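I have a structure here, written as structure tokens, and I will follow up with some questions on it.
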Amino acid sequence: MTFSVRTVPAPTAPAEPACDVTTRLGPVTLPNPVLTASGCAAAGRELDQFFDVTQLGAVVTKSIQLAARSGRPTPRMAETPSGMLNSIGLQGPGIDDFLAKDLSWLRERGARTVVSIAGSSVEDYATLARRLRRADGVTAIEVNISCPNVADRGLVFACDPVAAGDVVAAVRHETDAAVPVFAKLSPDVTDIVAVARACVEAGADGLSMINTLLGMALDLDTMRPVLAGVTGGLSGPAIRPVAVRCIWQVHAALPDVPIIGMGGVRSGLDALEMVLAGASAVSVGTAVFNDPGAPPRVLHELVVALAERGFDRLSDAVGFAHRGPA
Amino acid sequence: MTFSVRTVPAPTAPAEPACDVTTRLGPVTLPNPVLTASGCAAAGRELDQFFDVTQLGAVVTKSIQLAARSGRPTPRMAETPSGMLNSIGLQGPGIDDFLAKDLSWLRERGARTVVSIAGSSVEDYATLARRLRRADGVTAIEVNISCPNVADRGLVFACDPVAAGDVVAAVRHETDAAVPVFAKLSPDVTDIVAVARACVEAGADGLSMINTLLGMALDLDTMRPVLAGVTGGLSGPAIRPVAVRCIWQVHAALPDVPIIGMGGVRSGLDALEMVLAGASAVSVGTAVFNDPGAPPRVLHELVVALAERGFDRLSDAVGFAHRGPA
Amino acid sequence: MSEATARPLQVRGEVLSTHRVGAYHHLVLVAPGVADQARPGQFVALALGGPDTNLVLRRAFSIYRVSTRGVYGGTVEIIYAARGAGTQWLARQVQHTRVDVVGPLGRPFAPPRDVASATLVGGGYGSAPLFALAEMLQARGCRVDFVLGAASSDRLFGALDAKRMGSIVAVTTDDGSAGTRGRVTDVLPAVIERAGTDVVYACGPMAMLRAVSVVADSYGIPAQCAVEESMACGIGVCMTCVLPVRGDDGITRMVRSCVEGPVFLGDRVRWDDVGTVPADALGAPR
Amino acid sequence: MSEATARPLQVRGEVLSTHRVGAYHHLVLVAPGVADQARPGQFVALALGGPDTNLVLRRAFSIYRVSTRGVYGGTVEIIYAARGAGTQWLARQVQHTRVDVVGPLGRPFAPPRDVASATLVGGGYGSAPLFALAEMLQARGCRVDFVLGAASSDRLFGALDAKRMGSIVAVTTDDGSAGTRGRVTDVLPAVIERAGTDVVYACGPMAMLRAVSVVADSYGIPAQCAVEESMACGIGVCMTCVLPVRGDDGITRMVRSCVEGPVFLGDRVRWDDVGTVPADALGAPR
């Protein structure tokens, strides 16, 4: 609560929704639009100590790969003005451990789960999707395409509409039609609408945006990069204007494609900004590090903010800023 | 001084340099590496009320176009976490008025001047360069290529290596060899090194980076974009990690090309970070709005920081973080 | 306040005292040097938020009063509404907090060439700069009348000062909680007629300034209006604070309200076009 | 401090008092509930900087002391060095400032199964958590000795408390301004030998912990070391705080020091490889 937020209503349990906050993400309807962000909530268990994770629209898991990964050396983070850099390097268990320990816990707990997957080849992603098809408790798949493509000299999939489309098509092909596939886009591209379009044409049910911006910081004592990984991903309130712009542009170009918005959301008003720009759901990432109670607080504040503005339904607010008040 | 800075030595006049801070920008040597940023200092006159602008390495002027321009409607700005959005729309006098009133004042005042130019066609830029060739008092030209190219459906020159190179080649062709031409790059591209390379191959003596990131904010009362121009440029401390990364990447790829670094510099330590990443000079932009005395303060703090780290010459610190302490 | 317009200063100020006045806050800042140069209608720009703030822009406030003498070697006073992040931060500060002050900024109200009857119109905290102006005018032998308006009585600032200084003092509130229910322009014509007004001075919201201009125009008298546009720098370098103003040559330009204003002649400002770039403005897109 | 490890709480804390102790600051926070659960070696994570801060991450601090009773319904005390932006902000706060507190976090020091002779080694503010530990150990009948080290005497924390509680108290400073000139490990062997140490508990900089581990190893006794790694979340969700630790199965994993630590067995931590991913670690790049 001492976090920098634009409004701070009493941090109580979500109020009786004054408006219908269910939200449709392609074939799936969530009870509300507030999710965690991949890599900022592990697989939900730690946050469940602070609030009931089944209260959220869904838990989005840390991106899972085929095999266990140790990630990058430390230091893995640097604080920056209103933001942070991270270079975790996707440390995590492989898909087997994830299914056995994390997904099963989430399912038993009764949480909805968006499984984020990451790979270094189209085949990796396809295999992960195949494994998930046989698993219970997958509400949606978020395809983290901000990974280097080993087949293309390490060029990040998300930076190339063709490669991005290939990954999405492979995942869509392996996934049950009832499970929506969301492609997670990187803002570090010249034309995000082109990548968005390629993903949708390849079968993505929706788009998640934005992933972190590539950034870096130097340690002025050692005079070397702070991060062992040299560059890292910039997240937090600092990037929110970029996230809102990306959501706005893509919603303008593809108004029927559901968007999960993220990037610097700390408060219900920040979430509302993304909804008005075109997001059907909102993920809370870095804000969790400052306030483990942020996701339910954001939901509560969003509900209040929608009601104050006379919205009976969240869906009426999605993309409202493109249309303007009547 | 109450601005958010990483260090706050006494805000006095620059100390006797403990180290040689002259810096080479291609054919030109400046007495020190701290400049203003284009569009954040008008043409120097207003700041001269707060400090002696001849103390700076150079004044970088607001981007000048052929004809006078009224810019965009208001609101033209929005504050964001540790940053701001602007959509000024390059309001300014045309080149004639600029030469008659602004450049002549700067020359008489004894300031070094980097003239920033902007256009909407390659021919515009060439014409501007031709006009400047006949003018006295132009220390360098900074080519603002973050402008829509009318010949290419409004695609921003800086987003396309070929278009960027065309502009630079045209300006270089019209400019005296003794006057360096710097191309100012946009971070909103998939591969900034490719654009940098194209500019250098087209004859740029150096590169300025970064221009603002494309961002946007919504007004949560009106539920419409805050800016009359809808999207705007994000600047300020929030973007510094992106700027440092761009400087780092380009310096790594083109170590002999001088770079003017900018993006969120508030203090001498911020400037040092850019120098260590590869910048030979540093522009102070948004920080001036908070602290009109920022440029000389940054210079003073940079000199102190260099001396504290045992640098006898600024040039030894340029790109030092790529090499690491011996 | 002194008469000479000099260059603005940047000084390390300090909060001397702060207290509430109705819905507003009255802040006294030690700001050596700024006071000596300030003229009525000018403003100061304050850097708010402390060392680790995420606020990067200064905030502009009209100068309410200054004192150039005394133990503090010069104080500047402002009246402000705590609405957004910066002003809310300011409202939490206590004595001795350091606040970087830039000022005085902008063009002040111009006194009439001859002795004249002046009507001063203020809306909300917009009345703050009018009292120093009144003092200056009275020192020059001018008659001074006031019209003060606000949404409600707690947003009415300076009615007592006005009563002390003004010949006529007319007060309006939107909700009728003080004075006449209505707008300042509902009562302004009557005041102008009774006072034989030669010049109107106004400070307040844009809509009020526009309406005041229309009334003054209809009486063929000039209105000097202090406008409030969003400002990023306050010193003329950023071009965020522009509005369309007709020049002596009849040409409309997008002029910076921080350096060419905040005080403009009402009949020069194209009130209906504020927030747009009129098609006939210099350099307008064709 | 209570014995049960329960889930961490997030509470709206408040500064009760703050004062300097040598080069450090001693902060007493009202944090209802946190105190009741805290065990020696655990830490709290504080959100610093106020409503408009540009600081987005919490800061971790070892719990120095708690009090579960009294009018404030539970206080937590920490000893901190004001170095960066967050701790400098904290040092400027006075009574009543609100500080959001998450805690207690992490795995505490494990008491020995049987009555034992324990040597507690602290470096700088790292000695802060050792006094509550000493109390707990003494309550279980353990002998407690202290080795406290610091760069200089002003960075030596708790020497008086140590003298009150410890059988032997050895002090070292790098500059010789207090105790023996040198490092804690210069005097640790002698203490271990005199005290017949069964277990070492240590908290301080990484280099110290590593050296203490080596000494303990050479005596064949366990060392419980509380590490300090950069943490973004402190609650186990971000993976920034990892270091290479050998498990019961002999396999090295990059484990989170915020939830699997901060207390580790010294011989399990691969001190030489901290800051790297050892090639034989689970999931290391091939």
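First chain written, first letter: the chains are A, B, C and D, and each begins at residue 1.
Just so it is clear, a contact is a pair of C-beta atoms (placed from the backbone, for glycine too) under 8 Å apart; a residue touches a chain by one contact, two chains touch by 3 or more.
Keep in mind the model is a prediction, meaning the values are calculated, not measured.
Q: Pick the pair with more C-beta contacts: A-D or B-D?
A: A-D
Q: Return the distance between the CA-based centres of chain C and chain D, expressed in whole Å.
A: Centre-to-centre distance between chain C and chain D: 56 Å.
Q: Using the average of all C-alpha atoms in each chain as its centre, how far is it in Å between chain B and chain C?
A: 34
Q: Please tell me the distance, in whole Å, between the geometric centres of chain B and chain D computed from their C-alpha atoms.
A: Those two chain centres are 46 Å apart.
Q: Would you mind listing the residues of chain D that make contact with two or more other chains?
A: 49-55, 85, in rising order.
Q: Could you check chain A for residues that touch two or more other chains and list them?
A: Residues 4, 81-83, 236-237.
Q: Chains as vertices, touching pairs as edges: which of line, ring, star, complete or other describes this one?
A: Its topology is that of a complete graph.
Q: Across the complex, what residues on chain D touch chain C?
A: For this pair, the touching residues of chain D are 49-55, 85-86, 88-89.
Q: So in the complex, the part of chain C that touches chain B is made up of which residues?
A: So the residues of chain C touching chain B come out as 7-8, 10, 12, 47-58, 98-100, 102, 229-230, 232-233, 235-243, 253-254, 259, 274-277, 281-285.
Q: Quick one: which bits of chain A touch chain D in the complex? Just the residue numbers, please.
A: Where chain A meets chain D, its residues are 1-5, 8, 39-42, 46-47, 49-50, 62, 67-77, 79, 81-84, 86, 88, 91-92, 94, 228, 236-237, 286-293.
Q: Which of the residues in chain B come into contact with chain D in the complex?
A: Counting only chain B, the residues touching chain D are 4, 6, 81-82, 237.
Q: Inside the complex, what are the residues of chain A that reach chain B?
A: Residues 4, 78, 80-83, 85, 159, 188-191, 213-218, 220, 222-225, 230-231, 234, 236-242, 244-245, 248, 264, 269, 272-273, 276-277, 305, 309, 320-321, 324-325 of chain A touch chain B in their complex.
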